[in-house]
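Note that chain A is present in both complexes that follow, paired respectively with chain B and with chain C.
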Partner chain A sequence: MTALADRLRPLVAVVFLLALWQAASLLLQEDYLPPATAVLADAGQLLASGALIPDILSSLGRLAWGFAFGIVLGIPLGLVSGRSERINDFVAPLLALFYPVPKAALMPIFLLWFGAGDISKIVIIIMSVSLPLVYHSYQGAKSVDAKLLWSAAAMGTGRLRQFWKIILPASLPEVLLGTRVAIVIGVIAMVSSEMIVRQNGVGYYIFNTLDMAEYQTTYAVIVVVAAMGYALDWLFERVRLRLTFWAPERRAPLVEPA
Partner chain B sequence: MIVFDDVTKRFVTAGRAQTIIALQGISTSVAEGEFVSIVGPSGCGKSTLLYIVGGFVQSSSGRVLVDGRPVTGPGTDRGPVFQEFALFPWKTVRGNILYSLVEQKMPRAEAEERVAYLVDLVHLRGYEELYPKELSGGMKQRVAIARTLAYNPAILLMDEPFGAIDAHTRTRLQDELLSIWETERKTVLFVTHAVDEAIYLSDRVLVMTQSPGRIKADIRLDLPRPRRREELLLDRRYQQYMIDIGRLIENGPEAPPP
Partner chain C sequence: MSLSRLLARSYSPILLLLGWEVLVRSGAMPSVLVPAPSNVILRLVQSFGDPVFLFDLQQTLFRLFSGLALAIVLGTAIGVASAQGGIGEQILEPLMRVLAPIPKIALFPALLLLFGFDHLSRIILVLIDAIIPVLLAAYYGARAVDERLLWSARSAGTSPAGCIWRVVLPAALPGILTGVRIAIVIACIVVFLSEMVQPGDGLGDLVIRAARAFRTIDMFVPIVTISILGFLMDHALALIRRRVLVWMPES
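Moving on to the complex of A and B:
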């Protein structure tokens, strides 16, 4: 009984939010704030009928591409910067300049370069997810205990091979924390790029229903996007804990996996 | 045979405000199979001296010769054991001990056999599949010693290996180290701040002074081997060494020789 109560406790906040929403909606009786129950039913309907599925798939497809490129580019760049001051002196100022720029603001330029297709949206996702990946990989590689590298060197592991044998696994807990942040930022970039270039995807769907004054559906799609983000984060947490179960405990994540 | 030829190490403090002479004019030698301890107050550069032999840190001037060849970097002829253990946290006990054998491409069956021998040598049978975070400090240091013995270095470089271990376990590990040393007959350079430990284990004790770090006394211990802790404690020579070396450390630096 207590175990069940413990497991249900995180749901209290969610139920509280929904109740507040429901009450406000019933009180206001306005189109722009449909009741939570209706929105949830609508969200279920969108998924069950398959109406939203093609857009979800095209969104997730671009996210996957952007993420894959971001990982291939960002993690090695961060790890190398963390181990070489010379490379970091080159990379760090570029990142510092690039960091505060809202990536969506670059969309017009990418439209000029790559047209209005998938590529410009994927590029926005790559740029967005790269920053946390580079930063956490850098931190991870920089804080590798020198004595691990000395031990490996004494055991015959050469400088280049140490990257693969020591620096990558030793940095992995930090790299995967960065990856978790990148997933959430990737979802944000995915939706905002689809809102700017409206062709398909969940971001497109949100604005399209807004234009057609189908407010209840707008809310429903937002709920679906939130659920997608939560599901991706939850899945990744499983992967992360599997890959780094050996790591000594560090600070607890802000959002506990359910 | 290790020869120290006028080894000096200078550090520049943060902000380049000050140059600290960590080691000055260290000249001595350690014979093959000899067990030599280096004692001195903290900050006297005794660990730095060990790192220079390991090839992990470069001397500012002078050189270290191992079997006639100057040290230019780490090598499998010199095996470090650190106070902080420096185990690979992502590898099991077995994986840590196996690491150097895999690096040196030892045939699998032979490597497994060697791991089994070492696991028995350091009394870790039954713990092979545990990860470092699941081990106590004493067990971690046993793994670290086995990992270093695995590749059979001629010289062991031990940097306060029992400094972070509780007193009871420390005496056991000292006894185990002596019995390993008596079977494997390695040259051991052993850094410690514990005078009793240095006397119990060593053939010779080098006493160092602080800033600049110099060798203040080189004491060859006239004590029987194999060592028996109870007999040693009652031995007048042991008691006199305790007093003499304790005084040498307390009295601070002597005037530098002209």
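Moving on to the complex of A and C:
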């Protein structure tokens, strides 16, 4: 299999899905399923005219903040848990308890606590992305080859320096897998929080058009959101592969609960 | 697991809940905004005598289990089938590369338009969200089957279809069960969110109704219910996995 063909496959998959959609729409002739071509034109129009841009930016802004906090909190916590059983005994049961909670469902409660601004939604995103970040960082730090640490210690490397020089780089492939999962989950948290408390953002826009019965636009925004999810994952994959080209390739899990 | 080990592994949630309780009881946190955990648990227990709660619970469970069952059956079937021959690499893998990172909840408005505002749209949302981990697990599990097992089975006279039942499926089972565990939690979360996003009935809608009436304890009860449900189902499956797969080393 050539590299080019491999790269084109997802594109072929997209075209295949769109063709299916088009066929179904032509067959049904229903307002509820506008043809893919019309929806794509609409999506292009929404982006070109700038009508959707403010909402895309407010969504992405919250995602970026939530993600930044999630990384700063989650990765160190996971790495430390991976190296200390005592800390892990404290952290792991809390994560296990928190794992099945639908985080975005806390929106109405956070609205009472933090008010109607961006903070509630950002907190939801932080909580959602933190779980995979902590978990994968933990796995990475836990499986660092002990011989590396022994050699470093024997040469007089301090604990903090060991962390930077050995544990972090050695765990990086696993940490970045967690980051990939976190991006996918972050987008889910972003959209669902906006759908539950409808103020602005792409999730709001989707339901706004649905309520106004502009079904073709509803589909167009859904296409844009789906493309955002795919594009963010694709972009991060470039970064991840570049940063960990030296590590044996692992299949990313990609799907974990948000 | 010894008792001291069990305690070491569970003291932090207990500490968290106790601290929360103390903060609310002492008045440091206003109980109007943050109910005490004991009050939430009490209300949860009482809710099981409340016909309204039971009806919403039943609506949610119906959607959850229908979607989940479809996801498990279809995911396993499609995954195992695609692992035979070249369709997996040619079609399934690129499709999954595109579909997996898409936030499925964003498709929900389209599902509402296509399948109506009642059960079906929510069941299908659960299906498309929960099928992916099962399908991927079944596909990669079935592909990883040791070929020598298949050769032996074939030479011993097992038919190709029999091979799938007797060799491929059991060999892929550990992976599939792990996929199902992920699917369970995804399904619990997404069915709940679908009921919050487009209210009608169900546990998610119960949160919205409580929020409109500003009843904070009642906002927590459905969230705690679905979380406990996800937690129990996840752990039940882990237990089943260990039982069924005694011959298999833990991964």
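The working rule: the second predicted complex is superposed on the first by the 238 of 258 C-alpha atoms of A that agree within 3 Å, B and C clash if a C-alpha of one lies under 4 Å from a C-alpha of the other, contacts with A are read in each partner's own complex, and residues count from 1 in each chain.
As a convention for this text, a contact is a pair of C-beta atoms (placed from the backbone, for glycine too) under 8 Å apart; a residue touches a chain by one contact, two chains touch by 3 or more.
What you see is a predicted model, and the numbers here were worked out from it, not measured in a lab.
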Which partner reaches more residues of chain A (counting touched residues only), chain B or chain C: C
Partner chain(s) touched by A:Val175 [first = chain B, second = chain C, both, neither]: neither
Which superposed partner A:Pro248 touches (first chain B, second chain C, both, neither): first
Contacts of A:Trp150 with chain B and chain C, given as first, second, both or neither: first
Touched partner set for A:Ala36, first chain B, second chain C, both or neither: neither
Partner chain(s) touched by A:Ile206 [first = chain B, second = chain C, both, neither]: second
Partner chain(s) touched by A:Ile196 [first = chain B, second = chain C, both, neither]: second
Set of chain A residues, in rising order, touched by both chain B and chain C: none
Chain C to chain A touching residues, read off their complex: 8-13, 16, 33-34, 89-91, 93-95, 97-98, 100-110, 112-114, 132-133, 136, 140, 182, 185-186, 188-189, 192-193, 196-197, 204, 207-208, 210-211, 216, 219-220, 223, 226-231, 234
Of all residues in chain B, those that touch chain A in their complex: 51, 54-56, 73-76, 78-80, 82, 84, 86, 88-90, 99-100, 103-104, 131-133, 147-148, 151, 153
For the chain A and chain B complex, residues of the former touching the latter: 145-148, 150-157, 165-166, 169-170, 172, 246-248
Touching residues on chain A, where the partner in the complex is chain C: 1, 9-10, 12-14, 16-17, 32-33, 89-94, 96-97, 99-102, 104-109, 111-113, 183-184, 187-188, 190-192, 195-196, 202-203, 206-207, 210, 215, 218-219, 222, 225-226, 229-230, 232-234, 251, 254-258
